[in-house]
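Each in structure tokens, the structures are laid out below.
Note that chain A is present in both complexes that follow, paired respectively with chain B and with chain C.
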Partner chain A sequence: MKDVITRTAPTPPVSDGVPGETPRRAGAAAGRRAGSRSKPAQPIAFLVPAILVMVVFFIVPSVYNLVYAFTDWSSFKSSINPVGLRNFANIFNNGTLLGDLKVNVIYAVLVAIFQNVFGLALALLLEADTKLNRFARTMFFIPVLLSALAVGYIFQALLKPTGTLNTFLSWMTGADVDYAWLNDTTWTLLWLTVIHAWKWMGLAMLIYLAGLKTISADVLEACRLDGASRWQTFRHVKLPFLAPALTFNVATALLGSMNSFDIVQATTGGGPGQTTEILNIFIYRTFGQGLFAQATTMSLVLVIVISLMAFPTIILLRRRERAL
Partner chain B sequence: MRDTRKTVIALAAVGLLAAGCSDPGAASSGPQTGAAAAWPQETARLDGVTLTIWAAQNSNTVAKQTAEDFGAKTGAKIDIVTVPDPYEQSVQTKVASGDKPDLAFWQPTASQLTAINAKQNLVSLDGAPFIDAYKPALKDVTGILDGTRYAALVTVPAVEGVWYNKEVFAKDGINATPKNLDEMLAAARAIKGKGGTPFYEMGGEKWATQWWVQVQLADAARKGLWDRVNQGQEKFTDPTILGAIKKYKSLVDEGLFNNNITSATFADQGKALLSGEAAMVIQVNTFFSQLQAQSKTDELNAKIGFFPISPSGNVGTFIPDQSNALIAFKTGDAKRESAAKQFLTYWLGSGYSDFVKTTNTVSIEEGVETPATVPSALQANADSIGDSVGSMQVSAIVNPDLYLNLANMLAGQATPEKVAEATQAQFSQLAQAIGAPGF
Partner chain C sequence: MSLNRADPARRLWDRLHPVVVVLLLLVVIGVPLLLVVVTSGKTQGEALNPSLSLPTQGWHFFENYRQAFVDGRVVTALLGSAAVVIPSVVLVLVLGAMASWVLARRKSTVLAVVYAVGISGIVIPPAVITLVLLLRQIGLAGTLPGMILVYTGIYLSTAIFFITGFIRTIPNELEEAARVDGAGPVRIFVTIVLPLLRPVMATATVLVCLYIWNDVFFAFFVIGGRVDTLPLNLFQVASAGVYLNNWNLIFAYVVLMSLPLLAVFVIAQRRVISGITGGAVK
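This part shows the complex of A and B:
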């Protein structure tokens, strides 16, 4: 659920980003025409239920996340006392946090790449509205709806040294393949990002498909008449039109996977030798130790890191959209 | 516009106040319901009462039969809920968010009772009728924190020691069980010399990696190692503990362990010892339970033996685990708290002899005979508890993730020095959190 929320939160209005200046100017004009905004269309009291939900489920927990980071909240005693910056000093002196952050950033970048490559490839492949394509789109979307933990456990079984994948590879190659996919200190992180990207590629596909649908048939026909090759059509026509979709997909994949937990927990639990331990697993482990305040501090650090990554990424991609 | 702002501010204030600046796990801090003195009769009627017991994957069958018998006698309904592994973490997380069962399997060591905040969350078991029935050697060995009893021992606390395959020993000419660590290593080298695998370690599932370090520290533990660590006078990075970690690493590097040490699991370990693929395994009692699930007593008696080990001799390191004991929670419901006590009274009272028979385990009570069908290795393990010493979990004030750091070392991601450093850092943090002096 959390994943879904983080994925949908920063939705940029897709239609707004369609290249060409006309719609934007028209929008601005409409804004001016509305002129003085003193009289809204609905009574302001209509906002109360939404604000209430926001306050209880979002603002209060966030405030607590901030407050508890400066206390000694733990499972060991009932009182909670302020301790200043001690938790921050503790976690930064312990090298694990920085190591895990590095793993986390690599994980997020790889997921962003794979998820977009897979998603775009699928969207282009399944662009035409045939019956078969509609069926295939549904099939590729199913992993998005599956529980991430279930996906993790399925892949754990598939990738065991004696699992289905190795059995299949052994049969294909004739040699005895017993590679431990989930126990390689160098490559396991990569396999995990592929699994993560596989799970979410259906969503990226859907958004790219929506982007492709916004391209007017006239434009494509003009391309064909001008004798543009398929590659040229893709490179110079389709890709620029997909810029807003790319912004959304890259941002959500990057930031959503910074928050990842379940797939890694179900497949490797952070192993082998903590080489796949992303920050959320460390937070979970610390919380489980009873060090609630330290865990809260780490999640605060994670929020800050994600924000630091989010703003430049989104600004950069939006600027690129405009340039196209 | 101004009204809106006021509304928002008011709502935010109400929200903050309603949530209250308090620990959600500390809800029932009132006077203890069901005073320590009142212990109910074993078979008083409990119609309409439902008790929940939390258990782990490896302890969810321990109480099954006893719970059914108790239900038949009293009308109470008992739900045994399996909490997923890692059990301790999951339970602590649930309790922290205010979710509590009536009873739970729990490691009865001081460090783990501290971790669950026993004083706040648990019912005192002082004055329970079953305490006097315990064998003297076991009566006060564990389950007590700051002078109050919080855990009821139901089976013999686990002992870390060596489970060995008798057939492999005989085949490779080892006729007597080793008398100390050096003799054991000599035997191991002899087995390796004949092409066998002397030791089998389950680095893939990590948790057992700490036993190798702990058995090497048994003699130091007897001389007060953990007391010094608890006071911050000695550290994991000092020669005693670091030396044990280094020795473990050097034995792995020497090739005395299985080749798949970084990926092998608990189940692999059991299979390897039973099949004779490996000669020895340093493990606790749950390991033997696993073997029992796979084979019959006769086969186990013929194949598997147990001896405790330390650098100086045959001294075991005891570590009661979560399947050995139960704790009762303060739920705020006097009727259920009393029923939970009644269940423990029945289990360790008239229900105990049936319990040791159905689970085929060693009795911890005077006057209740251990069934003759209990495998000899398990009996040897139980016999060793008399002169064994407490493990890190028993004697240290907190329990750092030593096993995890050791598993990292096996995976080639940390040096012994790094393991000691990381463990000490975590130990200090935890000690600081419980407010131990010197941290």
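This part shows the complex of A and C:
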């Protein structure tokens, strides 16, 4: 039993990286046609519970969001009145809307870049199936398991002006380094994205490793015999095979980090001077102040922005899925 | 095999490779983890400025962990986390598999739209503030069932995406044969479809567990202050100022809350890894 699981787990049936292998699906379609005369083989009732939960706990709140963003809902009074676009005007005029949005998009893009560069580098470094590499893969996966909040606290300690990193840098350079990594209005955002990428690079690495596994040994051997350099082999042989993994990793990193909160909250809380305030930090902060309408407005902004970014991504993912 | 070209650069790299791996491992993973463990064994005074140096005033593991255990209410938090994670994952898997079966096997424009909306939740975040409002209206705010249903709503998308994709790759003949033999849909689903879904269910379980176990954002809004979970309590004790600069206690708590998931990972490592990679790269 256990054997069957471990053997089938890494690669679902149609998984040899061969696109367009469809005869099985054609057979399935024929089967469906034959069965459609009587009652359907898969009753719609099976779909109902999932739809119900998603409608109530996902779609209804989103519809509410569309309504309450245009009201003066707060914890300070019991009545809720429509105020038109005032909430949007407010956060636009005080610069929070564009400021936080800019921070959030920069954050997401940098995380997507770092997470994939780190993940891919680790995958290429640990590609060979040696004992040391297997151990290293396990260790690099540990941050993925840690809570992002805990990761934030760990790096807050590491990056204190008198922390471990500065001690090390002082020892290396001989000078006294007391740079405040998490209190720099220009660069702290960058350091936060590196921390975020550190936390998730193990997952990206695993997915790239799985992608590398789909390349047959013969192809790599042929490259070697033809005298292809490391770079040529990577660029022209490995990279094309890694395309699906790249799509998946970039999409999830980009969209996932648009919606992040924990690491920033645990390291800077949005500071210094709101230079690392991503949208969820604003939502958390204004909700705590009882300004529900403002929080709702920003929540709507977040949903809209992510949807705009997600639309092309979902189409991409679906197209890839159909190709398999 | 014998065509081993004696490329000097390649041979040098083969020599250097283990050194590079070990160094990278020590710096990138070893230092942060060591900092946590060492600091969690120091007195408060020594832990004020967390560093890798060993404590000069002796190890204080027992006192620190005991205090973190008590102040962070680790037992209730652990039970709370389990009470949230387990039902959520079961609901996500069962409802997700049922829905995916229909979405994968039947074809119609309506179902295509349902599928598109269904998986949109993978990337589109729930409207968290109005979610709280809705929970208040239906009397589930601050309750365990409310939290479980919220997580189910959020992660059903992920499950439906993976499971639907998987079902489309398995042939329909077995199900058809059972149908011809007179088996009803429930029986076919339970005895034929579900067992075949094991690999993809492993993927969904791992991912959903990871997300929910470590989530603090949605938990804060839905059950913050009412139900204890491990990340919520870490958040609370670290930000409430109780542990202000008490890095020894913060890190003792970090170790305590990370242990369950690390233990599961060590025990089921191969299945966790194959679960993740099997689902992501088809």
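Everything that follows uses one rule, which is that the second predicted complex is superposed on the first by the 269 of 324 C-alpha atoms of A that agree within 3 Å, B and C clash if a C-alpha of one lies under 4 Å from a C-alpha of the other, contacts with A are read in each partner's own complex, and residues count from 1 in each chain.
Simple rule for what comes next: a contact is a pair of C-beta atoms (placed from the backbone, for glycine too) under 8 Å apart; a residue touches a chain by one contact, two chains touch by 3 or more.
Computed from a predicted structure; not experimentally measured.
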Checklist entry - Once the shared chain is lined up, is A:T185 touching chain B (first), chain C (second), both, or neither of them? => result first
Item to check | Touching partner for A:P244 - first (chain B), second (chain C), both, neither | outcome: second
Checklist entry - Looking at the overlay, does A:F88 come into contact with chain B only (first), chain C only (second), both, or neither? => result neither
Checklist entry - Regarding the shared-chain residue A:T96, is it in contact with chain B (first), chain C (second), both, or neither? => result first
Checklist entry - Is chain A touched at more residues by chain B or by chain C? => result C
Next on the checklist: A:S78 in the overlay: touching chain B, chain C, both, or neither? Say first, second, both or neither.
Outcome noted: first
Checklist entry - When the two structures are overlaid on chain A, which partner does A:F155 contact: first (chain B), second (chain C), both, or neither? => result second
Next on the checklist: A:V60 in the overlay: touching chain B, chain C, both, or neither? Say first, second, both or neither.
Outcome noted: both
Next on the checklist: With both complexes superposed on chain A, which partner does A:F287 reach: first (chain B), second (chain C), both or neither?
Outcome noted: both
Next on the checklist: After the superposition on A, what does A:F234 contact: first (chain B), second (chain C), both or neither?
Outcome noted: neither
Item to check | Residues of chain A at both interfaces, chain B in one complex, chain C in the other | outcome: 44, 47, 51, 56, 59-60, 64, 284, 287, 292
Item to check | Touching residues (chain side chain A, partner chain B) in the complex | outcome: 44, 47-48, 51-52, 55-56, 59-60, 63-64, 67, 72-80, 90, 93-96, 161, 180, 183, 185, 271-275, 284-285, 287-294
Item to check | Footprint of chain A on chain C - complex, ascending | outcome: 3, 5, 17-18, 20-22, 24-25, 28-29, 31-33, 35-36, 39, 49-52, 91, 95-96, 98-99, 101-103, 105-107, 114, 116-131, 133-134, 149-150, 152-154, 156-157, 160-161, 165-166, 168-173, 175-176, 179, 185, 188-189, 198-200, 202, 210, 213-214, 216-217, 220-221, 230-231, 234-235, 238, 247, 250-251, 254, 257-258, 261-262, 265, 269-271, 273-282
Next on the checklist: If we count contacts the way the header does, which residues on chain A are in touch with chain C in the complex?
Outcome noted: 5-6, 8-15, 24-25, 27-28, 31-32, 34-35, 40-44, 46-47, 49-51, 53-54, 56-62, 64-65, 68, 125-126, 132-133, 136-150, 153-155, 157-158, 160, 162-164, 167, 198, 203, 206-207, 209-211, 214, 224-225, 227, 244-245, 248, 251, 255-256, 259, 261-262, 265-266, 280, 283-284, 287, 292, 295-296, 299-300, 302-303, 306-307, 309-310, 313-314, 317-318, 321, 324
Checklist outcome for this item: In their shared complex, chain A is touched by residues of chain B numbered 1, 3-4, 7-8, 11-12, 15-16, 19, 21-23, 25-26, 29, 86, 88-90, 92-93, 95-96, 114-117, 120, 204, 206, 262-263, 401, 404, 407-408, 410-414, 422, 425-426, 429-430, 433-435
